[in-house]
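Presented below is the structure to which this report refers.
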Amino acid sequence: MKKVFTEAATRLNIPAIQKWKEAGGKVVGYTCSFTPVELFYAAGILPVRLRGIDATSMEIADAYYGPFVCSFPKALLQLAGSGRYAFLDGVVISNGCDTMRRLDDCWRKMGQDMPGTAPPWFYYVDVPHKPDGHARDWYVNQIKKMMAAVEKQFHVTLTEEALGRAVRKQNNVRRLLWELEKLRQADDLKVTGAEAYAAIVAGTVMPRDDYAAHLADLIDDIRTRKADVAADRKRLFLSGSVCDDFDLISLIEESDAVVAGENVCFGVRTAEDYVEETGDPVAALAARYLSGSVCPRMLGWYRERASMHMQRIKHLKADGVILQNIRFCDLHGSENGLFERDLEKNGLPALRIEREYGPLVDRGRLKMRVDAFIEQLTSQKKSTLRGNHAT
Amino acid sequence: MLTAGCDVGSRTAKAVILKNDTILTDAVISARLDPIESAENVMDMALEQAGLALEDIQKIIGTGYGQQQIPFAHTCESEIVCHARGAFWNMPTARTIVDIGGQDSKAIKLDADGRVIRYSYNDKCAAGTGRFLEIMADALQVDLDEMGACGQTYQEEISISNQCVIFAETEVVSLINEEKDVADILNALHCSLSNRVASQVRSLLIEEDVVMTGGVAKNVGVFDALAQGLGVELKPLEGIDPQINGALGAALIAADGTN
Amino acid sequence: MRPELKEYNLDWLFAATFNVSRNLCNATPGELKAMFDYIPYVRPLLEPLLATGKPAMTFLDFFGDYYTDIVHARENNKKVVMTTFCFDPSVFHAIENLVPVTLEIGTALTSMLWKRGSSDFMDYCTEIGFSETGCSSQRGAMGAYLAGLGAKIDLVALNMGGVCDTNANAYSFAAQYLDIPYYGLDYPANLTSAEVQDYHHKDYRALIQFIQDNTGCRFDIDRLREVLEEKKKQDDLMNELEEMQRLVPNPVPGIYHVMIYAGRYIFSGKKKYTQMLREMVAIVRETAEQGRSGLKHGPERNRSFLAYIDNYSLGIAMIEWFEKKGISHVGSILSRTFAETAPYTTGVPGTSYRIDTTSLDTMIDSMADINARMPMTRTIRGPYDAPNMWLEDTISLARMYQADCCIYCGTPGCRNTWSNVKLLARDLESVGFPTHIVHADSFDTRVEAWETTQMRLEEFYKIRGLL
Amino acid sequence: MTITAGCDVGSLTSKAVVMKNRRILGAAIIRSGPKPAESAAQVMAGVLEQTGLSQKEVACCVGTGYGREKIAFVDQVVSEISCHAKGARWLVPSARTIFDIGGQDCKVIKLDPHGNLEKFVTNDKCASGTGRFLDVMAKVMNMKVSDLGKLAAKSDAPVTFASVCTVFAQADVIKHINARRPVADICAGINTAMANRVSMLANTIKLEKDICITGGVAKNDGVVKALNKILGCRIKQIKRVDPQLTGAVGAALFALEKNNGDKK
């Protein structure tokens, strides 16, 4: 376990961010993985994915949001309202889903009620709900607009060179993450889900150079390891709504299972998952961020997601899949239903769970279901499962 | 002139008898299954204490969950109005009133003349109501009236965040199984309830003085946690049992009407 | 789903219900009374509906046509397209062999007409893997079609992505579950910029391509022009009703609103819908001339604006309750057009649409603009407090119709409005509109019993001194 | 001859079963105390006394249920889902689907033709559809849960509940009582509400016949009848032992397998 990763994955204002601020650097938070972070790196700004970790109560957030909405944006609002996000110089909110785009409404209102709880700069970016044709052109323009807004707000100029450099750096990180994925595909699994997940989450909040170096270390270290952490344990794949909750991973790994891979908003999905380094960088960014339609917010593109999902699960040699979604997350909530159906058609057992974002509640009930799921995998003939991977 | 208010709630029934605008007597009983019976019993008790008969009372106003079933009430008033009236009479500086009842919790905003300007009920979730505490008291086998004091002695801060009351109960059971201290669990429950209610009050924009009415106000644990959740000073009613506030308000409104 | 329910076809049930009830219009009061005893659950909708006279006759008539078309779609070699309420269907009517099915209409009807509402269909959606917390307005009828208890759906086309992802998500689930093609128009937060308009136009052309590819049929230009010309007339008639609604007392009956938008969602651009609107205008004119209110009895004691949608449980219980209390319903966000000729849209460039039938291109652009300015695709797309969005629309409409207060009614499945309705209510209060938030589900009485909703409403009107 | 035992420590009740080969020697059910370890010891002691055996004569013991991790004397722990499947399959060999409705949650378990655990669903969203729902309702009606079923049988017009939420349904019950609705109809309404919730959960996995029901609620004929009606099929009820013991029986059977396995 790399301390720097676990720390980054379990704390909000991590040393790396504090150092960055002390050096006079700007920090901008973003809510959705469709935000092209490269342009912030190019502007010398640190983009940080917003997380609602350890929001134990919602007395502030519930004053703005209604009762029937996802607890993730609520948790973000709660933390902002309690001053935990005071280090942000700006926030980019996008239309990830209905509730998330309304974070803009709620956060601005809270800023009026409680001075100092809103960042000095809000930017709303309109990501199309389809990846191709006129939608892609649209997104190119939106990225250009956002770049102009960043230049104006932070008094910087975004040169094509700078953008190119940022793209190359981020691509390097993506390739490293794919290296990690490849290591997790090995017959002998050398890294636990908790460890890998920490590394992946850390990648959404740490400065690039810093992160790339640590990630490279981790990968080298894993290569030297001998023991198979999945020996006589089940390899599980975790999928669904955004998840920053390490208790969930450790709860799964406390039972006879290892999380071999995950598909939850961040991280990489395929070896091809990088930004074209030649030609117009903005067009390349738009193309990459819309490609693969990796989130159910890309309505009508389920088949693409499903096949990508299936490929990864097979290559990671998962014995079963845990499909989780946050309560009131309709997008993942219903897509998990389709995944469950299609996975089981392919002989891959799935367990669906609905949870609240943030501190794990009801550990006992959850543990019972994970244990039972593992017993289910054991009692069914492995051959049929492995057989599928072979094909 | 004699007026009375009768507040039939889901867990208790209360009655207050007023002479002009001084409280002659008040009574609180635990509710019977049949609201009519609750109403009659509590009223008889109050009348007996005051040495009066029902006919002596010029006007009786009913309120609360079972208001429609009160046989002897001349009219009914909503709990909102009654709690507002009672609290304002008790504390003319009150601008925001919080009442946690058995079935629902209410936040009420008053203007300088004690008129209700805005109010809200708990979001559709029982985890923000007195019922929450009742069920938990059951699970912990603690007397409802002792929960508050008992929770004050907590050592460790734990959080119970489950949305569903019944699942929260499961959470409590597992905390007991983890051999957590009852005081710590109670404190967690008080915070969990208070935070739900706090957000409800915040959405109306808090204006001081903020006063808490209703039986739950006697639970110091909830009272303190709520004050913390609101981030302002929370005031108790002066010199009366907060539980009778609804009935008191009803009696006062009855008096207003007859003057 | 309960086995016995699997024996009935939803479209057929509706077709039968409306085809029978359209004959009731000529029935004597005695006959009606006898009839109602046999249909206790249909009565709460049918009785107040029939009370409106002529418009009801036309309304029942085209609803009968609508579901009969759906029932016979197969044998008439017509394709069935599943779509949503805020999608203007005139484009479908411009194609010979295409029949639209609108889920929200089916859900509302089951909630209004059936004892258990559409709860069995809603639960069926959960049973096949759809999110239980999704919006009930789709889950109701969707369950029936996914269970094969309605017309076989050939394709899905709608316009809610970006405005209401929850809605679009239900349709994309249906398309995937039935393994049929899907196209959704996509809407950014902004409404008025040239960039957005261009995006709308391109998106709509792609939709038309999609429809042609998947139905194997082309648009009949003359037919399209005919439909749009008809729609112009309809907009003008709706505007006239809206205009008269400004009078005190308000001569427009509350139930008209539901009839107007229900009709619009299925019959926009069709002659029978125009006819219903004409009949309404005639009646309202007369009422207005006599200086009467549209209420069945008693004076107008309060004017309430529905800041979102209406409640469709137990017939039209809420609208009937308004009637009883002397509250005149001055419309909801759903019950209006945003045509450039509409009283409150004139002078606000980009927020309204113009129907231009000069060429195929101008007609397609017009349809794109109409769809981008349906009640919800216009009003709840951007931040609630941005220009021409939810707050501004609500305030200007409430003021225009001299509303005394606002009521929010919706569904717990509405991520959009439940994310900011508390803010809306606050702001409405601050400009002087007492606002009540109903926690019930407009389509599913299991969420909150109507008695509870009614009790809270009573309390609101009483405490805030509105009656 | 091998003696094995199963101990099922639930949040409301604790059960223990002692088996000789595949024959049940003794069984006990007690109310769970606050400490699972103690409840386990207590219920186990009870069975041993009943059967005149001592702990060391038990070749192998498997623990299950809510407090399984806390039981001192077990050789292995298995989740209650597997144990209920195992036990039910042994008690009703034709069973392919098992409803286990316990105090705190409701599980629907599907077995493949060989009796392997194929799929399961549990109620994670809502507590209505659990034994707790009936407890709470019975408390409001101030009658015993078992009477709900008996009385419901007399009803031909069950009331409908506005809310599915256990807590709000309580208010509904009170409302119906105040409205002077016949008690039988209210009881029937409670059972139907419960059955509706369970059937929705059950239908999320394709039901295979035969279906059998275990757990405390299995003893409530009213709910079972309502379920039969809604699902349109006959649920087999466990007669050989108290259905509440199914999990413990399954655990004892697992213990036997483990024991034989270890010998080999």
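So that you can tell them apart, the chains are marked A, B, C and D in the order they are listed, and the count of residues begins at 1 in each.
Keep in mind that, in the parts below, contacts are C-beta pairs under 8 Å (C-beta built on N, C-alpha and C of every residue); 3 or more make two chains touch, one makes a residue touch a chain.
If you're wondering where the values come from, they're calculated on a predicted model, not measured in any experiment.
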Of A-D and B-C, pair with higher C-beta contact tally: A-D
Distance from the mean Cα position of chain D to that of chain A, given in whole angstrom: 39
Averaged-CA centre spacing for the pair chain C and chain A, given as whole angstrom: 38
Chain A-chain B separation of Cα centroids, rounded to whole Å: 45
Set of chain B residues in contact with two or more other chains: 123-124, 167, 170, 174, 177, 203, 205
For chain A, residues that touch 2 or more chains besides their own: 63-64, 66-67, 327, 364-365
Multi-partner residues of chain C (each touching 2 or more other chains): 128-129, 132, 412, 422, 439, 447-448
Category of the chain touch graph - line, ring, star, complete, other: complete
Residue ranges of chain C touching chain B (in the complex, touch as defined): 412, 422, 426, 429, 437, 439, 447-448, 456, 459, 462-464
Chain D residues within the chain C interface of the complex: 125, 160-164, 172, 175, 196, 200, 203-204, 230-232
Interface residues, chain D side, partner chain A - complex: 66, 78-82, 104-105, 112, 116-122, 124-125
Residues of chain B that touch chain A when the two form their complex: 123-125, 159-163, 167, 170-171, 174, 177, 191-192, 194-196, 198-200, 202-203, 205, 229
Complex contact set, residues of chain A against chain B: 56-64, 66-67, 113, 327, 356, 358-359, 361-365
